Each structure stands twice: as structure tokens, then as C-alpha cells.
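These notes open a run of structures that come right after.
Look for chain A in each of the two complexes below; its partner is chain B in the first and chain C in the second.
On to the complex of A and B.
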């Protein structure tokens, strides 16, 4: 019993130490935000107030912030899965956008299916994202091309193709927006915090985190994936199918992006607008980096990111901060989280043998 | 004669293992002399040369170059002092030309910033012509043969006006003709006044090329002679040492055996290489015996390990396990058939350092610890607990294995593989870097496995170990089997005889294991 508590204490201490890096990053990012506001705003106090308190001042903003975190959670999970297996997926933008698009047009085509249609449409979107990413995995397995480059390039091309499809064959002539038709009412997720946009997709995101956690740490496949990521030579030596684990994690990674795209449409947008998801893929990557590829940490990381983003929007609306300044602040955050040095602060160093 | 290099009392201790790689070593190199530094693997030759080249910082000792005491802290500084080193593994950029590779880091400039490509090609061409190398300065390095690449490495050093040149096992990857032309080059260099140190453990090379030979064993200098005053036997005796210090209790060798694993004329030839890594190797590993594979590093032991582990496909021949051809199987398929294997590289191959001990323990038995794809945490934990206890490993199941000591990591690997084995088990360099107690533990386990009826394949460049535990011994030299020693022969074989086989001085007629 005592032993058990001691063990728990050790785990908690280790977790805290491992989190120091993340805390430092958040701290520096917030400090940068203050400094930038002082420099760039005529009314820094007002700006800061909206930046920090804006997202939580009422249900509307708070709900929207949570809603914004949903695709980030899916993206963060996707990236984490790839990273855990030692692969890089930089194609989130295209995977999410195409997943959203395919889910939308499927929903339009399956309008009469009702709730079964929701599942099928989302699955199709998920598979679209997954297959796009898996392509890079296959290329790596066959010809040892860098999946980092190919996923990025494929994604860039796909974004243009999807934009063309939305603006061309699938455009809804009834609106002025460059967007597809709206999905049927029966496909839309319920709003759970009126008047905000927050929908029940939030529950799906939380469940997804749980599923990924269980997959990575409780299943045989997750075990093999992690070992392959930690040491591919050891995995091969132990008889793990290394070829499979160059493709499968990429598929999963893209699939979560695709699902995130579908969720954004069904929960928030209801129609696939041209370039509606710009930035979501990259932000998912940032979220995974802050979370250090741990599925459980993806939720707070995504919330942090959404908080910064909606803070920036709030400051934009209510004070003299421009869109550019808000973007600069976000860029600073992104820059900081990608610094591996800061990530390592306080983490338990492995003994060199 | 003036000394080019004088090293006195060099001590180098690796803090990770506490290993005294160099224990008060003295070495002098005269100007224009070719010195061979000989010794078994792990004797400390490379460490000593790394100290001279500024790659390792010595814990004690002094170095003087051309009579001046110096402290060498980096290869760059070594270059400035006129010392150059050609590593065993080439450090070249395949997509650059010879001239670009050679001038890398010391590029001739046009103006202040722009790289003078033409000037580089001319300068390198001048060096090549002066020393009569056979390479073209404008050719892409990727298109060269192994021998030519080595010439590029040497030219790289000569371009930097090096007059003391260290070559680490320069002949390891060369064909006979390439070795011959290398030796002509080296002699010409020595005549020009360059002083050379060759790290090698090949006797005939020592006698053909060197003026002097220095022999190291277990971190100490055990001999230093003019080459014409010693013969091969003497050198080999000094390299191998005298006594077999390891004795392991075991049951007498029982000849009631059946074949388990058979190699039939197996060869491995890699693309772009003329020399096969394994050349027509045939043997049979039988149940209830420890079959030892002896050899000096680079003569095929590592390749044999890779083939047995399923990492390296064979080019011809067949591998047969229990009457089934397993030549084409990869690690995954071999593991399914019950391959158990303790790899030489226990940190990079044998474990995932950041993963928990318990996770490391089940890698080849994943299926036994999962039901419907879900890992059985309790069972894994108990399995780890009991193995750690049986093998007296200091550590707990949830610790990352990388936090354990080298000896304990090896015990974890042994525990895993021994639990997993079905009828044969491969040990490669199982005691490398381990202390005496841990080594003893490994030997006892091997003998126990043999007594249980396993076919134990022991691949080791440690001759003491081979002689102490093997029931039969196969000696490899340049990828072929040069001798097979049956148990009765092993009783009266001397290390000198073994050394002669291992160093290619002697060969049995048509050996078949």
C-alpha cells in the first residue's frame, strides 16, 4: 500500500517535471503577448483585458473558444500518433480540408439516410484524410522518401483541388459564398451552449482522446507502434512488422485530421466553404508539440491554443489591435512551442549508457 | 632519428563503463616510418589513436609532436599540427565531386566569399598527380569504388599538408588488388617523409608494409619491435595473450545429438562490392552443443549475426531449420518460428532504451501477452517481476531500460531471449563490456541451455570466451570458414594455433562444420 502511494508520488513528480517545459512555453508566450500589446497598442490595458478575459467573459465567447478547440484536438491527436511512431505528418491542412469536403458532399448525397448517413459521411471523410497521409507512408516504405516532404506537398496540391471543386462543380449557386450547399438539418450536431457555436462534437473529441490513449497504451498494435517509434531497429529485431508501421500510423494520423474536418462541418459550418480550414492543420501540429505527443495532454494544449486565438479575435473586435498584430502574437507562440530546447527543460534526462 | 610523435603514459577511462581503454600507454613514431598498431578488438588501439587525433581527451599522459609538447583537443587542431586520420568508415559526401569533398572545410576562395571551384579542382589535381593516385578530381564521389573512395580520404588529408597520417583498418573493405595499390601509395608517402600509423590486426599486412610493429592488449602496450626482428607467431602470441582464464563447470559433452540449423554454402554479396561478406559458409548446429564462431572483427562474424537475425538477405546457398528452408525469411517470420537471439549491439538493437523494462521483455512474445489485441498489463507486470528476480536484475519493471547499467540491460535481454527460445539460440558478443561476474553469469546460462538440449550458437571475437565454453569451434577469416575444431581437438589447441587461423596464417583443407 505504502509502496503503491510512493509509486504514485514518483509518477506525479515525474509528470510535473515533464510539464515544466510546457509551463515555461506558456509563460513566455503570455509574456510576449503583454510586451507586444504594450508596444503595438495605443490602449494596452484595454487590449490586454480583452485578450485575457475576452474568451471567458460570457457564454458566447467561451463556447466559441471550446468549439475552436475541437478540430485542434483531432489534429493534435493525428500528429501525436504519427510522431509516436517516428513519422512526421505535415499534411494536416490538406487532410483536414479534403476530409471536411468529402464528409460534406457525402452528407449531401446521403441526405435521406438520417443518422446512419452521419456516420457514413464522417467515415468517408475520415478515410479520405487517412488515405492521403497513408500515401506518404507507402512512398516511404517503398522508396524511402521523406514522409515529411511528401505529406506536405500532397497536402498543398489537395488543398487547391478541393478549392477548385468547391468553387466549381460543387458550388451552391444560391449563396454569394464560395461554398457547397448546406448539409441537411438532420446531419447537424446539436448546439450545447447557446448562443455559442459549441456543439456536441466536443464529446466526440473527448472520446477520441480516450480512444487514442487506450490504443497507444493498452493494445498490442499501440505497443508495436510505440516501440517502432522509439527504436525501429529494436522493433525489427523483435519481429515487429516494420513496413506496416511506416504506413498505418500515417493512415491514423490523416484519419484523425479528416474526422476533425468532418466534425467542424457537421458541428459548426454546415457547408464546406472555400479555405474555411486554413491554419487548422498547422495549429494541430502546434498542439501536438505542446502536448509532447501525449494524447492526454492534447486537450489542455488545444484549449490553450484556442484561448490565445479567441483572445486575439476579441482584442481585435474591441480594441485597436489589428488582424496582423493578433497573427504576430500567434506566430510567436507557434515559434516558441516548436523550440525543442524549451520542451526539454526539467524533463528527466535519460542516463547515457 | 627524430620523433614525429611521442605519447607517454596515456590513460583513458570511459566513465560510462569504467573501462580502462588505455592504461598508461607509451608510443613513439619516427619520421618517415610506417608503424603498425596491432591488437585484438577492444585492445585500445582505436582509443589511443582517437586521443592522438583529438577525438578523445586522455585522463593522463603527455603528447609531443615534432619534439614540442602539445595538447590536442580537436581534429581541427590535430590537422594544424600536421596530424591526419583516415577513418574506417568513410566520411564523404556522395553527391560532391572528389575536389569538393577534399576541399570541404578548407575551400579555396575567389574574392572573399565565393567558392573557387576551378581552383579547388586544380589544387586537388596537383595533390593527386604528385602522389600518383588514380582518381579524377572532377568525378562525383558516389560513382567511385571503395578503393578509390579511400584514396579520396587520403588525398583529403594530404591536401591539408598532413605529415603524420593515421589509418584505421584501411584494408578492411578492400580487395587484394586494392590493398596492393594502397601499400604502394603508403610506401611512396613514407619515402616523401610522411610518418604513418596503421591500425590493423592482419599479420601478413604487418609484415609486408611496416617498419615497426606495436602490439596492444587489454589497454596496455605489450610489445614494440622493428618488424624484421619478429615473426608472425610471436606477434600473434602477444595479441592473443597466453592463458585461458575462464573455466565454466559443465556436463561432459554428449554426442547424442540431432541437427537443428544448417547453413549450406551460404554467401552474402552486397551490391557495389566485389568482395563477398560471407563466402560459401557451410555448417550444422546440433542440439546439445555450444558451437563457437571465432574470428577477428571484420571477417564475417557480424555478417553471420545479421543473417541469423534475418536482417541481411543471403545471395546464394540455403539455410535450413528442422528440414525447412528458411533462407528467405525476415526477422518477423524467423521470430514466429522461435528464433531467440542476443544481439551484439544491446543498446541499439537489443532494447528500446526509453521503453519500460517490462515492455522490453515481451517484444518477441507480444502475442502471449495480449488477448483480442489488448495487452494484459497484470500478466506483463508479473512476467517482468519474476524474470527480474530469476536473473537478479537490479531494477523494476516500470523503469525505462536505459536507466539500468550495461550488465543489467544484458541480463534483461538474456532473460527475454532464453524464455523465448525453442530449439536454437544465437549469442553475439554476449559479454562485450561486461564485468567478470556478469560474464560468468552469461556463460553459466549458455551451458545450462546446452545441457537442456538447445543448439547454442556463440559468435564472439573474444578468444578466451570461445575456448572456455564452446564444444566445437568454427574459425572465420575474410568471410570464409578456415578451420573447424572438434571437441577433442579443442582440448589441446593453443591460442597460438587459434591466432594463426584467425589471422589467416593457416587454413584447414576443406573445413566443414
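On to the complex of A and C.
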């Protein structure tokens, strides 16, 4: 018993020491923000106050920030799965956007089905994202085409095609927005923190994290996936179907993006607007990287990103900086997040499958 | 020859130039053993900085020089973080792209109060060059004369790159770094030094490619590079990582782009589809190329 407690204590200490690097990185990113505000803003203190405190100043902004994290959690999970298997999925933008679009038009078509329609529509959106990513997996499996580049190229083309469909055949003539028609009331998730946009999709996101965690660490397939990611050749000698693990994780990865897109529509937007998801795919990737591909860490990483985004949005509304300041802060995180030198600060050597 | 073909090919030669320039720099990083996906961001940085500095200094040469410097600075940050802080080059390069797209918009808002298209009225158009010898050759002459100075400069630079890579000790060592890092270390050389220089070179050529985009237009459009840096990366792969290969691969993409521009006017295809063509085309080229290589490897 004492032994177990001792072991747990050691694990906690190790985890804390391992996160020192992450804290340093976040610290540098926030310092960069302070410097940027001092340089760019006429009223730097005001800008910084809105940036740091804006997202938590009232229920409205706080709920919106949590809401913003939802698609990032889905995307982060997707990328983590791909990365764990040694695949790169750079097509998040297109997978999320097309997933959202297909979920929306399915919802419009299945309007009379009620809650069964919700499930079917989300499933169709999920599969759309999944199949787009799986295509890159298949190309890699068959001809060793870099999935990193193909997923990016497919995604870029798909974004444009979806935009065309939204602005053309599927556009709602009744509004001035370039968007599809609104999905029926019965398809919309309940708001759980009025007056903010936060919807019950949050629960789905948390459940998804649990599911991915269990899949990766408690199932045979998850074990094989991680093993293949760590050492494909060893996995092959161990009798693992290596071809399958070049395609399946990519499918899952795209599927989570697609699901995230569908959730964003059913929970927040209610109609698929042209380019509504720009940046979400990349941010999902960033979240996975900060979380170092651990499903459990995806939630705090997504919250951090959502915090920066909504902070920037707040500062833009109430002060004199533009929203893109967020991408500079995010880029600082990207620059440093994989640094072996920074990660080593205070860390305990630990290697696990 | 078909009367449509000559204008299309003529504009293909112009369109391929930024790709060729970016791919050249990318070739250095690629041969040194790093996948540099930051070409896009470096181009964007160069594109923005060149036209802004030209606007403020009133001198295009100075503007381009400062633009090149800005892009090389970003490349130096990228190199330092990657090589000295030992980060994943892929992620840091992604950061450089994000940084460039953020910074250009933030600065354009700060300097011109505008996040959209910024038109610079006072900027003269790029000098065009007519090479009389070329003009005399039928068809070939029609395609290759009357381009702006960047086009011809890119050819000279390409020759220079080939010379540096294949005829100088520096080039040998750079390529050796990519082939066998440990061998370099055991010979007492520092691979990170060659890689750092390769990053700087890519900053240099990408900036020129970007500068051509904005100066040719006389305006800065947010995200004006629109995937050109990524296509340049594919040009490197398709060109089999050889200088002369880059030239042909870039021409293929230039042609695809020129053709889709033509198609837009001639057949009234929706603009979004036109914009998608280069990506689809690149994808198909990538796949065909990898089918070809995997067949070849199987035979060997």
C-alpha cells in the first residue's frame, strides 16, 4: 500500500517536472504578447487587460471561450491519433470544413428524422473527413507518396470546392450571408451556459477524449497503432498489419476533424458559412503538438489556444490591435513547443510506448 | 503553332518564376537534409517587406534588398530555433508560416490601417527586358522575351545555384550533410552550420520570389503567396532535387496555372475551381511521380 502511494507520488512529481518545459514555453509566448502590445498598441495596458482578462470577465466570454475549444479538442484528438501512428495529417482545414458542410446538408435533407437525423448527419460528416484523410493514407500505403503533402493538397482543393458549393448551389437566397440554409431547430444542441454560445457539444468533446484515451492505451488496436508509430519495422516483424496502420489512423484523424466540424455547426453556427472554419484545422494541429499527442493533455492545450484566440478577439473589440496578433503568439508557441532543449528543463527521462 | 498557345506559354514563364526562385532556396535546405515547409512564409515575408520598404524608401532596389533581409531574418530565427534549440523542423517551419501571415496583416493594419488589399500608387512597374538575340528565334523568342527582370535573374541564379552545389567545396559539404550527417561530424565539420546557411539561402531566394509577386502587382494582398511556397516544395520533389529538374517542374506548374487562368476567361469556370486546379494538378503530379519511383525501386 505504502509502495503504491510512493509510486504515485513519484509519478506526480515526474509529471510536474515534465511540464516545466511547457510552462516556460507558454511564458515566453505570453511575454511575446506583452512586447507586441507595447509596440503596436497606443494603449498597451488596456490591450493587455482585455487580452488576459477579457475571456474570463463574464459568463458570455467565458462560455464562448470554452465553446471555441470544442472543435480544437476534436481536431487535436484526430492529429494525436495520426501522429501516434507515425502519420502526419496536414489536411485538417479541409476535413473539418467538408465534414461541417456534409453534416449541414445532410441535416437539411433529413430534417424530418429528428434525433436519428442528428446522428446520421454527424456520421456522414465524420466519414467525409475520414475518407479525405484516408485517401492520403492509401496513397502512402500503395506508392509511398508523402501523406504530409497529399493531405495538405487535398485539403486545399477541398476547401475551395466546398466554398464554391456553399456560395453556389447550396446558398440560402434568403440571407445576405454566404451560407447554407439554417438546420432545423430539432437538430441544434442545447445551450448550456446562456447567454454564451457554449453548447452540450462540450460533453461530446470530453467523452471523445476518454474514448481516444481508452482506445490508445486499453485496446489491442490502440497498442498496435502506437507500436507501429514508434517503430514500423519492429511492428512488421511483430506481425502487425502495417498496411492497415498507414490508413486507419489517417481515417480516424480525419473523422475527428469532420466530427468537430459537424459539432461546430450543430452546436454553434446552425448553418455552414463560407470559410467559417478557417484556422481551426491548423489550431487543432497545434493543440496536438502542445499536448505531445497525449489525449488527456489535449483539453488543457485546447483551452490555452482558445484563451489566446478569444483574448485576441477581445483586445480587437475593445482596443486598437487586430485579431491576427493571436497568430503571432501562436507561432511563438509553435517555434518552441518541440524544442528538445526547452523540454529538457527540469524533466525526468521517461520513455513509454 | 496554335495562336492561344504562345500567350499561355508566355505567361507560364512569368508565373513559374516565383516558384522557381522559392524552389531553388528550398533545394539547399532539402539537400542539407531538412524538409523546409517554411518557403511559403519566407515568400510572404519577402513579398510584404519588399513592397513596403520600396514604398517608404522610394527606391525599388533598396526596397528589395531590405525585403530580402527581412525574409533572411525570419529564416535565421527558424534556423536558430530548429538547430540550436533542437526543435522539429516541420513544426518550426509551420510556425514561420503562421508568423509571417500574422505579422504581415498586423503590420499592414498598423502602417496603413487596412487589413485587406493595400495598393501602392507611387511604385513604378518592374523593368522589362528585351534580349534581342532571343527575339530573333521564332516561337521560342515569342515565349521568352519581354519578361520582367526577375524572370531572367532567376535563370542566372539557378545557374549559380547549380555551380555552388556541384562545383564548390561548400556545395559538396552541404550535400554530404544531407546524405550522411554522422560522416560530416566524424570529419570534424558541423552539419548545423551548413543547414543554417541553407536556411539563409532559402530566405534569400524566397524573398525574391515574393518580391516579384507584390512588385509586379503594385499592391499587397493578404496571403498573396497563396500556396506558392508549398507548390515550390513539390517542384523540388518533382524536379528530382536537381537544379535543371526544378526548371522543368516549375514550368509544368507555371503552365498549369497559366492554363487555368486562360480557362477561366475562355470557358467561364467558377473562380474557386480555378484556384483549386494548381493543388489538384500538384497532387496528381505527386502521385504519378511516386508511382514511377516505386515501380523503379521495385525493378531494381
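Basically, the second predicted complex is superposed on the first by the 322 of 353 C-alpha atoms of A that agree within 3 Å, B and C clash if a C-alpha of one lies under 4 Å from a C-alpha of the other, contacts with A are read in each partner's own complex, and residues count from 1 in each chain.
Keep this in mind: a residue touches a chain if its C-beta (ideal position, glycine included) is under 8 Å from a C-beta of that chain, and two chains touch if they have at least 3 such contacts.
The model shown is predicted, which means the values in this text are computed figures rather than measured ones.
More residues of chain A lie in touch with C than with the remaining chain of the pair chain B and chain C.
Within the superposed three-chain model, A:221 lies in touch with chain B and out of touch with chain C [touch as defined at top].
In the superposition on chain A, A:328 makes contact with chain C only, while chain B stays out of contact range. Touch criterion met: A:161 reaches chain C, while chain B stays clear of it. Looking at the shared chain after the overlay, A:241 reaches chain B, while chain C stays out of its contact range.
When both complexes are overlaid on chain A, the residue A:233 reaches chain B alone and has no touch with chain C. Chain A uses no single residue to touch chain B in one structure and chain C in the other. Within the complex, the chain A residues that touch chain C are 36, 40, 88, 139, 142-146, 148-150, 152-154, 156-157, 160-161, 163-164, 167-168, 282, 285, 289, 321-322, 324-328, 330-342. Against chain A, the residues of chain C that register as touching in their complex are 77-78, 81, 84-88, 90-92, 94-96, 98-99, 101-103, 105-106, 109-110, 115, 227, 230, 233-234, 237, 270, 272-273, 275-276, 279-280, 282-283, 286-287, 290-291, 293-294. Chain B makes touch with chain A in their complex at residues 16, 309, 311, 331-332, 334-336, 339, 341, 343, 347-355, 359, 363-364, 366-367, 370, 373-375, 377, 398, 400, 402-403, 405-406, 409. Interface residues of chain A, counted against chain B in their complex, comprise 7, 218-221, 223-224, 226-227, 230-231, 233-241, 350-353.
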